[in-house]
Structure formats: C-alpha cells, structure tokens
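In what follows, structures are represented as structure tokens.
Okay, so subunit A shows up in both of these, paired with subunit B first and subunit C after.
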Partner chain A sequence: MLKPKAISQVLKQATTGGVKATLLLNSEGSPLAFISDSDRDARVYAAIASNIWSTFEKNGKNLMRDDNLKFLLVECEKGNVAITTVSNMLLCLVAKPEVELGILKAKTDALARHLEEPFQRMTTYTQT
Partner chain B sequence: MGEELQTYFNKLLTRIDGLKAVTVTDGDGVILIKSVSNDVSPRVLEPALSTTFSVVSDQASKLGLKKNKSIVSLFGLFQIVQFNHTPLITTLVADSGSNTGVLLDLGNELKEVTDIIASALSERQVIV
Partner chain C sequence: MGKSGSGKTSMRSIIFHNYVARDTRRLGATIDVENSRVRFLGNLVLNLWDCGGQETFMENYFAAQRDHIFRNVEVLIYVFDVESREIEKDMHYYQDCLEAILANSKDAKIFCLIHKMDLVQEELRTAIFDERLHELEKRSEPLKITAFATSIWDETLYKAWSSIVHSLIPNVRELESQLQNFATICEADEVMLFERTTFLVISHSSRIECSDIHRFEKISNYMKQFKLSCSKFQAQFKSMEIRQANFAAFFDVLTANTYVMVIMSDSSVESAATQMNINVARKHFEKLEVTHMPR
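After this line comes the complex of A and B, so read on.
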C-alpha cells in the first residue's frame, strides 16, 4: 500500500537548496502531492507544467518520428522549472534562478528514479 | 550581410558537436534563416515547432517567474533548445547526447545576431 505521508516526505527532501516547490501531478494537471510555500502557486505550477508537457509530447509524436519526450527544462527570468515523468504521472521541480540547471536536472532524475518503482507497482495494481 | 549570416549559421553546425539544425523564425513560424544537417528529418523545419514554442513560452511566462527565456525538451534521440528572442524564435536541434550547457550558451551568442535581424525587420516595416 502506498503511504501518502511518505510521498510528501520524499518530496520535502528534494525541496532544499534553492528548490521552491516539488510537485507530483497527474497528466490532467491535478496535483497529487506537493511541497510548496503556497497552495495557490502549486496549483498554477501544476496546471501550466502539465499543459507545457502535453504540448511538447504531441510535438514529439508528430515531428520527431514518434520520439518520446523524456525531460523538459523551462528557464525563466526569476526561476527554472524541470519536468519529467514518473510512471504515468509528472514530477515537477520549481527552483530559484541561482540553482544551476545541471543540479536541478540531477535532482529531478534522482527523485524520479526513487519514485518510479513504487508508482509502477501501484499502476500495475490499479490496472489488474 | 545575408550571405555572411548564412555562412555563420552553417559554421555553427560544424563548430558545435551534435548540432543538427539551427533556425530563426518569427512568431508565426516563418523561417528567416536556417542551417540544417543532411542527416536530420526535414520535418524539424515545420512551422509547428516554432508556433508551439510561441504559445508555450507565453504560458510559461504566467508561472509567476517573470518572462520565459528558453525551453529545453529532451527526447530519446534528439534535444530541442528554443530561445525566446522576442520578436524572433531561435531553435536548435541536436543529438540527445549533446552538451546542453553549450547549446544554452550558444543562445546568448545568437541573441546578438537575432537582435540585428529584428532591428532590420522593424526598419523595413517602418519604410513599408
């Protein structure tokens, strides 16, 4: 059984060193678990991140010979956003501009790897 | 001037390891200058790539992190780095294993070139 409290604790561990928010969301953009200073910000990040992901995913299918989208890095003036997939969900990290893009990607990849196996098991369980 | 620019863009493909295509388009996806390697699908030149970025960049600017500067999308075989050089869009298509940092740094260099193109375009619009 998946413990929601444990998910939040894992996300909290990643929300350090300049990372402002860490979110786990479904493909429709609804947050499943998140750590953020404000709930409102988290919902805005979730909605926009999922929209950006699905738009680029469609692009990949149409223009890049059915190539699968693996990672997105959105660089803005006052912060950066990293998005990747975990099982059939999206993982999104929002960081301050001081956080180097390489460390943000490494953190996102490490967190995705950590969450992949338990979420994969949950997906298999819900499908059977 | 046009020939010099084209030579500069052609040289970029040999200078940057793994770089397959460079395009500068307007917000509607109309190509102003391009340089494409022979071993990449011509579909990367489709306007959809730039128009999608134009829409997504506007959305990303609503994250509450000020204006969007660039988006890196990493696929299985390729990576696409797109820059918001308002009013123009610069797109780099490279192998997925290429150095993303080098490509992002190239964006700063290309900003100076796109500024020249943008000012030439605005002057022309005033004359017309």
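After this line comes the complex of A and C, so read on.
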C-alpha cells in the first residue's frame, strides 16, 4: 500500500537545487503525491506531462515495435521537464532553466530507481 | 422467528429489500406458516419463519418438520412484539423453539429482538427492555442470549442487525485488526466495512473520535437509498467520492461481500492515492474473506 506521507518525504528530497516540482502520477495522469510551491501549478504540470507522455507513447508504438518509451526530456522557455515511468506510474520533475538537462536526468533516474521496487510490488496486487 | 404480526416481514423488507419503513404498512399479514429465504454475506442463508395464524396448524407443522427446520442453524433470531397481549403464550412458543435448537443445533447463537419499541413511551423503554431481557434470560437457560430493543422507525433496527452480522463472521477480530492496519497506512480518520446487500456495518476502525454515535446506521440508510435511486436509472452503484472543505469520503466495492468507506480529513492526501490503496487492499481482503466468511 501507499503511505502518502512517506511518498511525499521521498519526493521532497528530490525537490532541491533548482527543481521546482516533483510529481508522482497514476496511469491516468492523476497525482498520487507531489511537492510543489503551488497546488495549482502542480495540477497543471500533471495534466500536461501525462498528456505529452501518452501522446508520444501512443504514436511511437507502431514505430518502435516492442521498445517502450522510457524517458522524456522537454526543454521549455521557463524551465526543463523530465518524465519517466515507475512501474505503471509516471514520475515528473520540473526544474528551473539553469538546471542542466544532464543533472535533471540523473536525478530523475535515481529517484525512479529508488521507487521502482516497492511500486512494482504494489502493482502486482492491483491487477485483478 | 416470532409470532404473526411481530414485525418479521417488515424487518426483512427493510434490511434485505430496500424498503423504507413507511412501505411496510402495505405488506400483507402472514397467515399460517410462511417461510422465505434471503442470501447474504455470500453463502449465508437467512431463513425466515413466520409462525402465525392457526395454532393447531402451527403445532402440527412444527411437530412434523422440527428436525428439518432446526438442523444446521447458525443463528436464531426471535422477534417479540413489545405490545403483545399474550406474553405467556409468546414465551411458550419461544421455549419450544429453544428446545428444538438445543436438540438440533446446540451451538446456534440466539438473538432476541424486543420489537416495536417506538410504541413504548420513551422514558419507559429502558425499564421495559430490562424487564423483558431478565425474563428471557431466565427462560432461556441453559442457553445464552443477546437481546436488542428495536423499531423500524429509528436506527435501532440497523444496530441490532449489524451486531448479528458481526457475530456471524468467524474470526472477526482478524478482520478488525486488518482494517485497523489499512486505516493506519492510508492515514484515514475512519474506515468502515459494510455488508454488500444490506449495507449493514460489519466492522469499523476509527483513528479519530467522531461525536455522532449513530453515524453507522445513518450511513447504512443513506447508502441504501442512494443505491436504490441508482437502480431506478438502470445503473449499478459501484463507488463514489465526496469531497468537502474539511474531509473526503470514499465509498467503494471491496470484496464480493463488502463495501468499504474511507474517511480522510488530511487534504494533502490525493484522491488517487486513497483510491489506489483501496485497489491494493482489495486482493488482501478478498483472501481474508475466502478463508473466514461463513460457508
């Protein structure tokens, strides 16, 4: 099961050094937990991130055959965004423009690795 | 069981068939012997015997069918009309039943409902109930009984039936402790488990005290009404979420026999997280149910 406070603690640790928001989304794009200065912003990030992800994934399916989408890095005017999967969920980090893409990717990967195992175990229980 | 007119059909209609109390006045009186069955908690069959009308018929019937009727009884629920003018006779029938139970299903749990309490003046209710309880306990020896004062016009009926359902679940302690764990992990204020066809509360776990002691019966009632409204639109009720400024309530199917309700006052916990927890818990409680529910 998901301990909401514990998840938030982990996400908080990643929300440093220019990272503005860290979000964990379910497969439908609804936030399970997030850290952000603004609730409103976080929900907007969640909607956009999950939308971008599912669009790429859908359109890429035919092209990439069995190879699944693993990571998205989006460079925007006012910041950079990293999106990846944790089990069947999405992890999304939103950072200020001065945070380099490399460090953003490394941070996202590290966090995803940390969350992967427990979430994998949980998903096996969710399947009906 | 219970004498004709004591309120059995009314109770059954309210608890098992989504009637509202007002409608029970339209029910026809039961003549002779009426037997009806309802299935709930998965495999449990509630067998309702209306012992009404002509006494000779009754006595013959019972003499002939006694062993058949009283075999494999898990629970006997006997309904007494508090306003009955023939208490002595009621007791006589009751003791007949007990004898048959003792002979055929000696481990059966026995519940006595002192019914139609609404007809008794409020300030006399406790005294009258205590008096009847005392009498019943004496007459029931060596069997132990549990008694409730009930009325179809208030929450007492749900309360009594919840206790009955609760007592029918073997290893209910285990279920309770698992529910407690679930509440703790979810960070919920309160978690309640409802029987699926009746919406009776089976068990609950509260981490924050709530001042309304009648809330379970009220919720049972509301949810049943809501489910009924859904079916009028040919829709099957499955789940709902209510969110207000200071709390969120989730109501969802948990297992084949139960619904769960989760109350959260911590607004920083996202809906999706709670829903996911309910999803994850489903399998676990399903397993618990398979091993512990009555067969």
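Just so we're on the same page, the second predicted complex is superposed on the first by the 124 of 128 C-alpha atoms of A that agree within 3 Å, B and C clash if a C-alpha of one lies under 4 Å from a C-alpha of the other, contacts with A are read in each partner's own complex, and residues count from 1 in each chain.
Heads up, the rule we're going with is that a contact is a pair of C-beta atoms (placed from the backbone, for glycine too) under 8 Å apart; a residue touches a chain by one contact, two chains touch by 3 or more.
Since the model is a prediction, treat every value here as computed from it, not as a measurement.
Visitor: Please work out whether A:122 is in contact with subunit B alone, subunit C alone, both, or neither, and reply first, second, both or neither.
Guide: A:122 sits against subunit C, while subunit B stays out of touch.
Visitor: In the superposed model, does subunit B or subunit C contact more residues of subunit A?
Guide: Of subunit B and subunit C, the partner in contact with more residues of subunit A is B.
Visitor: Given the touch rule stated above, what does A:3 touch, subunit B (first), subunit C (second), both, or neither?
Guide: A:3: touches subunit C, not subunit B.
Visitor: Name the contact category of A:65: first (subunit B only), second (subunit C only), both, or neither.
Guide: In the superposed model, A:65 contacts subunit B only, not subunit C.
Visitor: In the superposed arrangement, does A:32 touch subunit B (first), subunit C (second), both or neither?
Guide: Second partner only, subunit C.
Visitor: Where on subunit C is subunit A touching in the complex?
Guide: 182, 185-187, 266, 268-273, 276-277, 279-284
Visitor: Per the contact definition, I'd like the list of subunit A residues that touch subunit C in the complex.
Guide: 1-5, 7-8, 25-26, 28, 30-34, 122, 125-126, 128
Visitor: So in the complex, the part of subunit B that touches subunit A is made up of which residues?
Guide: Those in contact with subunit A are residues 41, 43-44, 46, 48-49, 52, 55-56, 59-78, 100-101, 104.
Visitor: Residues of subunit A touching subunit B in their complex?
Guide: Listed in rising order, the residues of subunit A that touch subunit B are 41, 44-45, 48, 51-52, 55-56, 59-60, 62-65, 67-81, 94, 101-102.
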